[in-house]
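The first chain written gets the first letter, and so on, giving A, B, C, D and E; residue counts start at 1 in each chain.
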Amino acid sequence: MTEATQRKAQGELRLVELERRYDDFVAVNGIELDVPPGSFFALLGPSGCGKTTTLRMIAGLEEPSGGRIFLGTEDITNTRAHQRRVNTVFQSYALFPHLNILDNVGFGLRQLKVADWKTKAMQALELVKLADRAKQKPRQLSGGMQQRVALARAIVNEPEVLLLDEPLGALDLKLRREMQIELKRIQQEVGITFIHVTHDQEEAMTMADTVAVMRAGNIEQLGAPAELYDKPATAFVANFLGQSNLLPIEVTSITGERATVSSHGTSLVVEAAAIPSEAPDGLRLGIRPEKLRLVEATDTTWTNKLSGEVSDASFTGVSTTYLVRMPWGQELTVTQPNDGTARAELGDQVTIAWDPHHAFMIGVD
Amino acid sequence: MTEATQRKAQGELRLVELERRYDDFVAVNGIELDVPPGSFFALLGPSGCGKTTTLRMIAGLEEPSGGRIFLGTEDITNTRAHQRRVNTVFQSYALFPHLNILDNVGFGLRQLKVADWKTKAMQALELVKLADRAKQKPRQLSGGMQQRVALARAIVNEPEVLLLDEPLGALDLKLRREMQIELKRIQQEVGITFIHVTHDQEEAMTMADTVAVMRAGNIEQLGAPAELYDKPATAFVANFLGQSNLLPIEVTSITGERATVSSHGTSLVVEAAAIPSEAPDGLRLGIRPEKLRLVEATDTTWTNKLSGEVSDASFTGVSTTYLVRMPWGQELTVTQPNDGTARAELGDQVTIAWDPHHAFMIGVD
Amino acid sequence: MALVVPVGRASRKRPARKRGTFTPLLLLAPAMLWLTIFFVIPTFSLASQSLQTGDIDNGFTLTWHFQTYADALSRYWPQFLRSLVFAGSATLITLLVGYPLAWFIAHRSGPFKTMLLVLVIAPFFTNFLIRTLAWITILTDNGPVTGFFRATGLINVLRWLGLVGNDTLLYSPFAVIAGLAYNFLPFMVLPLYTSLERMDMRLLDAAGDLYANGWQTFWKVIWPLSLPGVVSGTLLTFIPAAGDFINSKLLGNTQTTMIGQVIDAQFLRVLDYPMAAALSFILMATIIVMVGLYVRAAGTEELV
Amino acid sequence: GSPGKAPTSSAGASKTPLSAPDLSDTEKVVNWSNWQAYMDVAGGKHPTLDAFAKATGIKVKYNEDYNDNDEFFAKVRPLLESGKDTGRDVWCSTDWMVARLIRLGYVQPLDKANIPNATNLADSLTNVEFDPGRSFSLPWQSGFAGIGFNPKSTGGKTVTTMDQLLHDPALKGKVTLLTEMRDSVGLVLIEQGVSLATVTADQFAAAIQVIADAKNAGQIKGFTGNDYTKPLASGDTAACVAWTGDVVQLRLDNPSLGFTLPDKGFTLWSDNFVIPAMAQHKKNAEKLINYYYDPAVMAQVEAYVNYVAPVKGTKEALTKSDPTMANNDLIFPSDATLARAQVFRGLTAEEETSFTRQFQALVTG
Amino acid sequence: MRWLRKNLIVIIGLLVMAYILIPNIVVVVFSFNKPAGHYNYEWSQFSLDAWLDPCGAPGMCDALGLSLWIGIASATISTIMGTMAAFALGRYRFIGRSFTNLLVFFPMATPEVVMGASLLTLFISMGLESGQTTILIAHILFTVSFVITTVKARVASLDPALEQAAADLYATPAQTFWKVTFPLVAPGIGAGALLAFALSFDDYIVTNFNAGATTLTFPMFVWGASQRGTPVQINVIGTVMFLGAVAIVGIAQAIGARRRKVDA
């Protein structure tokens, strides 16, 4: 991998006020982003929020309606796609139907005049476990295989920046995990900057250094995975990254590190530091389902407790998820690991509890 | 939904020795399958195992090389696609590029001469949250949106059998969960038979009545989700559906309900009933990572305990996953819920334990 | 015979049902019936005519006189060769100018697409003779076009290439080839447009992303994917151009006679029907063989 | 002849023309095929034709579909050969074509009783070698072939002889001859002092050689049909063999154009009325011919077409309305001019084939 | 520079378009000429005479009408037949497919004189009288190959998944064709139909052989007229046809655009 070392990310990727409109529809609304060289950056967001559009602008395939793109110190906004050391795994694969798999994967290498492109392409195909399909045409492969070819075709070039648009979406869990590990390994070994769009939150969480959550063309929150998960800044992020139970609250008193709030008449304890200073109105308390415990009603080790009736229970391998209906009608989701502890039944009256430092607070959006 | 009631699944879908070859490559290798009417059937399997091919044969889009397909008492093997009351959500979407979204969704209804096709199509679009895009063309939508259109286009017809080929793969988790609920609701309300290909195991587990695991053109195991999960019949299924730790064992003694086995010199207790009768050689004991607990070395409440060193720990929102290296080099995966219990650190010496009834046993494949 | 033309991915994934085997026959029936009755049958009588001897006063009789073919070849091989060279050059030119135009219409013309397509055909709405006469007006010795060629010295290049005899453009191989290219351009543009129009633009993105510049993207992606259009366009241009005689007659000189002119003269003026028939057969056979080789070389069968 | 006579497969077997029962008395129509723009026009109508219809009640279906002698012959020959009606009652063929038609028995003798005006036929045209006594044909229009030149391109020179045309270096590469063999070769023969009435095969071959030499020397740029006019007018052609009627027309636009009738003589041609075999309205056709042999009528035609009228008294009739035209020597040639005009003799079948072959070898070589 | 690169193809496209249309411009210009004689070659003086009397050349408008009708009829029929055949050839594999392909090329490779003459002989032996029918038959014969070849290129590159999706959504083969295949292949069919019309409308040689005594087509008229000088009206017709086509397309698009707007 001699070229690779010369080729590895030299500078950070910087998007400045990047904007893209289709007629009067704003797909990407002036986003600002700094992606340090060699980092693994995950882009999350709901369907249609502008992830693909953003990647395409970085790749040079879509002309921004406004804003600039920098790679290192260089302004690449007007650089053409083929001159950017950026490769993309396309959401729609975009494999060349007239070329066989090997030629598809070797396409970029041949453009770069890499002498032993065949060996390298075969290596990449082995990586995605498709070496035996090298001579077939894309249409002879299954959906997941095509996706892997698209992946191989992009990574084999070891560009400065690799854009991955749901590169593992069509793979089964097992293969996906293996590919994740491979991707991470390549990223660390070669030092490529990865920008990874995924709908698999676990993927984003485990793989990325930084996660950005997009919403309707804007970046809603950006940070380390655990930070985003534990302290989401908005209800959107809280609900987008995993599930959250949100309780409307009013702060009743703050004493030192602790604060007392009330929700639907129940008094709850929270960490004072978690109360956002700027938005004191319409405050909501958030708590992840897996941070909720089903406890005995009499258990006094928990400061925060609520009681309700189990209105649904579903078994999902690792854990069981309950819906617990509160007296005021709201249903809270509770996830209990199937670790051998007793399971609740539909209709049971249960008490749920949580530790104050697991709760987060958000204002109205 | 008047037509719907007439249209709902009348008979079971039966595949008999269904086979499909491409030249000398066998994509589907004589599978046998009975899908009762109105059931939710999930088809799982690794990339390229023949799922799409199977669905295409059921839909009538691919001619079987051998075998027959029955719907109720009727042999539909030679019935043409448009005469089968079967609809498909295509893995590649296959939206009509020349029609707008509404016309795409209304296509089937208009074929069926449904008078108020527009209303129904709009309802389906509302279901997938794309009502505001009705007048746009497919290429103006994002990947996830296109997938939702494909979904709406199929379900709006309320066919006897609905074939879903990874219909939610391009959607973010939140939307995916919502769509899952909608799909399940429709399936139960209208009584359609669903055959659902998915790579999301949780999806398969929570939604399906029956799950079939395919492997290289064959059906490896078939059963209720919990059954497959808890008692996988083969190592392949065990590893494909979630992770498993497999320990080679030898049965040392059987006393009543309990049996004693030994693995790498450690004596372990298992349920005697779990030992497969037919394959006593090369037995392996399987245990899911989330069924393993990190316990105090001194804890005597657990009968089965192993000790090792934490070689990796990764935080994944709901839980933390540890790799624990056994003295004989094998690494076991342990998933601990982040329920506030103490976390182990890299390099820690830990003891893992499990309840005998959580273990399953498989022979060699 | 390798006269197979691109078969899409259709072939494999399409369910070929029992009844399906009749579908192509039913679809083909009208056109093939038409061709058989009105083309194959006359062709047989033409074949017999090529082996007859006689004249119009005494009638023609079938004498299996194969010598006519030998005579035809030995006497008129230069015209044959010239026809192929002229038609080939014209086809090349139409391809070179037609391709950008087809691309422009298919992808860059916005709402004017249909309009431009009709405009491509528009010359046919004025008669071919009027059109060719208009070309004569344009290429006239003292006109601006000739002036331009003279001023830029291009005329010397053409003369060096043997495409013009002196310092005029008219009545030269150049004029004939230009005329052929002009007249058959729509035959190239329309099929090209047809196959370029449905090109998946995402593939171009992918090529650009993989370091292919515009030119490389063209050669490695656009061109191979447009081959079905290129093949049919070149066929529709080359085949009729090889048999054309209007252009060489009106725009050429005594050194540019093409085989179409010879056949025309033998048939209409000399009234040597066997010779005319034999020449036609040789022309048809030559073209068919060349087309066969060409289609095989283009390998469109293997595409997509 | 009898209409029921079986068509013979070999042409020429029947030298007596077939005739059909004459429907003239019941159907008051006559079908006339003629050359384009060979008839007076006013206000989109043909006044003389209308007048004829008014006077006789016979409607003339006037078709301008006689574009070329050879093409027309090729079109009607199969019909005539198989003894079928051509759908035409009369048409106008050039002298040599008339000779061929008579030879092949494809035209019927004229019934002069129906054409009393035939006596108005110009004296020079009464006794032609190919139709002694004019029993099959009567001229419609005549003209001369001479030498046309454009002083702009000849460098101001006039071209007076065929010798100059074929050898003057000033004209090199800017000369065209006509594809009409009898005019092109005829002029050369006359130049060589050969009488066209007695031309022998050797003399013909010698003339062909002269032209071939000129062609090979690059003097002749092409052989043309009527399309010689445009290049002559624009100067792309410096000098050429040309027909009188055309030159008269061209000179209206471009008075500087020169036209020479060589001193040694020139060719005279006529397009002649003939009535084809199996014509349905022979008598009506003869009435039509008779009508146009009225000098007053012919004068009307002549004012428009500008050829040489074959009808005595036309000049006098025209003098009243258009004296300039009446004094044009090319339209109403003086007796002195006419004395120099020659008509190519009728050829035997063998001669015709041989001569044509030689000439066409020159044209298409 | 950037602008140039992006629009280079547009510039080249427009230049080629100009190349195609230059002769038409000459034709248009000369439609306003008032030649002193019959020949409309030299610019003499501006005049609207021909425009005010477009049918002033006797028989020309009839010939034009005939040519238009034959062009439309033969283009329609050969487009239908050709499209069907193109589907068969572009999509199915069957015995004799190569031979059929060959048969399609043959008529294009046949010199027109020969084709015209042999057809005439055939018609005579069939007892068919020369006229509109024979012209129509001949035109269909030589245009159908062009349609087949043009449409086939498009059919070959059609994505079968879309047709399968239609079949899956209860569309019978016929409905699939009309609702999915046809719209997607339409540009090819349209191009084929345009070619067929153009070929038919402009053919002289084959037509001349097979035209009856009273069926004079526009090219026959023009060819004949050129023997004695071309009336200015021919240029007027050329211009009108040219502008007419542009106008029809323009109007159709304007209506389409308005309908879309109303719909939306």
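The criterion applied here is as follows: a contact is a pair of C-beta atoms (placed from the backbone, for glycine too) under 8 Å apart; a residue touches a chain by one contact, two chains touch by 3 or more.
The structure presented is a predicted model; accordingly, all values stated were derived computationally and were not measured.
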item	value
Set of chains whose contacts include both chain E and chain A	B, C
Chain located farthest away, centre of chain B as origin (C-alpha)	D
Centroid distance [mean C-alpha coordinates] between chain C and chain B, Å	57
Inter-chain centre distance, chain A versus chain B - centres from mean C-alpha coordinates, in Å	22
Length of the line joining the C-alpha centres of chain B and chain D, rounded to whole Å	91
Rounded Å distance, chain C centre to chain E centre (Cα mean)	16
For chain A, residues contacting two or more additional chains	92
Residue list for chain C, restricted to those that touch at least two other chains	9, 13, 16, 133, 137, 225, 267-268, 304
Touching two or more other chains - residue numbers and ranges from chain E	41, 117, 121, 159, 164, 184, 223, 226
Contact footprint of chain B on chain E as seen in their complex	159, 161-162, 164-173, 175-176, 179-180, 183-184, 263-264
Touching residues (chain side chain C, partner chain A) in the complex	9, 13, 200, 202-203, 205-213, 216-217, 220-221, 224-225, 303-304
Of all residues in chain B, those that touch chain E in their complex	59-61, 80-83, 86-88, 90, 92, 94-98, 107-108, 111-112, 135, 153, 157
Residue ranges of chain D touching chain C (in the complex, touch as defined)	8-13, 68, 70-71, 73-74, 77, 103-104, 153, 173, 179, 215, 218, 220-223, 227, 230-231, 234-236, 349, 353, 356-357, 360, 363-365
Of all residues in chain D, those that touch chain E in their complex	31, 33, 35-39, 41, 43-46, 61-68, 71, 74-75, 78-79, 82, 84, 86-88, 225-227, 229-230, 233-234, 245-246, 248-254, 305
